[in-house]
């Protein structure tokens, strides 16, 4: 988190908290692998959110105690999980009926790149020789009603992850609704990228300087 | 059963028995409404046959006692039934996965007409003003591995139900394997209709006289 | 908090609008949500398109909805049943439309609608009048017909038990079209014989996950349609 | 009499032939039929095409089958996992083919294969490299890609309990691809943690109806794949 060295922007936990604030009570939510998983820790008091994991569970609960781990109860990231009261298990075709059929309200994903048009690239860096692996990402972006991206604003070598056109292979086109980065919350709209909120000690000039695409305040 | 008045041919029960003899041990079988339902009464000793009813049950058992009737346990003909030990219930899409996916071994159906090419018409007389109703007939003939037809050889006014070309609207084309009538058991093959067995007091001349299509002995 | 349970069939169907496409569960009387249908008759929505395997019997439930001229069009596989006179009468007078669909194709179209599949190919009905005018295509030398997914504005479904998340189980062959219809509607409305606590339904045995359900109403003693017909009852109650 | 129970994994997989297309259940280690896969390694069939969500981990189960050069081609959604080196090594050397399919499309293709649907349209992968060369078509102004059903010669599936009819239940998220793979194979072979009597499984809770299953073998104490990997085990056992 090199941009954070001068207390600029949000921490990963604060980013997750910002996403959680935008998830309404009663939502059915699929959380991608990695940083998106943090979102579950920050559901505001009084809201009930149901987590879907595409490998066959609606009602994913918190990480189990070591003694309660079951190799047959895992999430899409293949981590041990629990099931809440009121959960249910189902097979993969039914699970993707939920996804493709637009029954899941929100999916929170990480990304390599997001374009000004809401295109997302998050499955392949396109490097020759790399083993391509897509999992459920393309189904999620094609089927879930609202796609939120949570990501560092810049790559480790300082490049903007928000781009005019994705240079990595696409996961889906025109699907991202909001981007939550360490620097800002940015809504993707037809007429451009609108900055909704900036992180601590971030001003618009600083934000724009770190973003390849013109932003709208 | 006007053809039977001189003890010519098989009774309905004997016809059902003939069909039952051709159902091997372990078969999954769907029985159409009406005469096909009789077949279940004649499974030969030592064979275990599992009956599928397309409204969501595998393992249909015999008719229940009056006191055990459940309006939510019925067959495709909407008659009260029972479920055997080892039965299971499922929804309509799964039920027709069994049918369309070629998982059911045998379907026994009634018919208005069967053609020399194995076409079957059993859902509509095509009369103007009649209410058309198809149910699962077209799915069954398209999906079940072997289609047996059980029917009176002739209509009430003496017409052959085995025809060169069906004049009634088709249920399916080239699907019938064997026709079980009161007069004979007839296998539908590429090079014609082969008489496998004739009923009591039926000879080939009599049988051919009552059949529109040339038969092969 | 998630609580999909509403207090009456009337409240459950309040939002149904004129011209809606409504799926109604049931195969004959098994699984038919008769109290929801009666509430819909009281509610008054008209010009409806109904997807249901049959067209109802006697003068109650779906048959009563049709008899009261609320239904513009039926999409079904078997519009004739024992004691079914309402639909045949209107149909022969040209006062109701019928789209006849093979039962398996009907089930698959509903399942596709719920699963985000706009169209698929099936062997059922090829070479029959029900494939007339439809796109045909061969795969590995075998002809198939293209059929479209169906989505509904509302589904009315009967189940055995439900919890406040909308998780459902069914009873025997009353399951039939219920689970797939739950998936295919913008708003799925369920009548449950029993309302149970979260966790009372084994998570391995849930048939309809709650995500597919918007509203649940408890109807502890649903009417027995056969009995109503035997008693020659009409809805609204005679 | 119907009795699908066979006495050993070796007997269960005896008929698998060279060049077969085999579906193998599991999502990571959950639901992976490791004893059936090991029996298949012993059996020796080669030149296989495998449909499975992943490519196995360590040097046991599916990874071991691949390592022993029995697999010509993998059809899967996610060939990389933690501790997965066997497939990546062979793939980077060009010694194994890969057909990469989005996970939901993979599931739907298997389900379609089992349900007699030769092809369907899906929105997943449109505008991505995974739709390259595939037929695109618009429905109501939205683009979709046509995908084909997949059928297998054999499916190898792990379940929790089975009876002699082949009715199955699963355990938690080990259910994953098992039920749809059972429907899509000419011969479905199942390893069950428990063999139970007819009627022991509630008919309302059967997940895989017996009609989809050909052979069942009891494996009471299936190996824990993670543990085998932690112990650096190889199959055949080192």
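Every chain is named by a letter (A, B, C and D) in the order it is written, and numbering of its residues begins at 1.
Everything that follows uses one rule, which is that a residue touches a chain if its C-beta (ideal position, glycine included) is under 8 Å from a C-beta of that chain, and two chains touch if they have at least 3 such contacts.
On a predicted model such as this, the values are computed, not experimentally measured, just so you know.
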Selected interface, B-D versus A-D, where C-beta contact pairs are more numerous: A-D
Between chain C and chain B, distance of the C-alpha-averaged centres to the nearest whole Å: 29
Distance between the centres, which are taken as Cα means, of chain D and chain B, whole angstrom: 36
Chain B: positions in contact with at least two other chains: 83, 89-90, 93, 96, 99-100, 142-143
Numbers and ranges of chain D residues touching at least 2 other chains: 108, 111, 115-117, 122-123, 170-172, 204, 207
Pairs of chains found to touch, sorted by chain label: A-C, A-D, B-C, B-D, C-D
Residues on chain A engaged by chain D in the complex (per definition of touch): 53-57, 70-75, 78, 83, 89-93, 95-96, 99-100, 124, 129, 131-139, 142-143, 169-173
Residue ranges of chain C touching chain A (in the complex, touch as defined): 1-2, 111, 113-117, 163-165, 167, 183, 198-199, 201, 203-204, 206, 209-212
Contact footprint of chain D on chain B as seen in their complex: 25-26, 28, 46, 48, 50, 52, 58-59, 83, 85-90, 93-94, 96-104, 142-143
Complex contacts: residues of chain D adjacent to chain A: 27-31, 53, 77-82, 87-88, 91-92, 98, 100-108, 110-111, 122-130, 170-180, 207, 224-226
Chain D contact footprint on chain C (complex, rising order): 108, 112, 115-123, 137, 139-140, 142, 144, 148, 169-172, 202, 204-205, 207
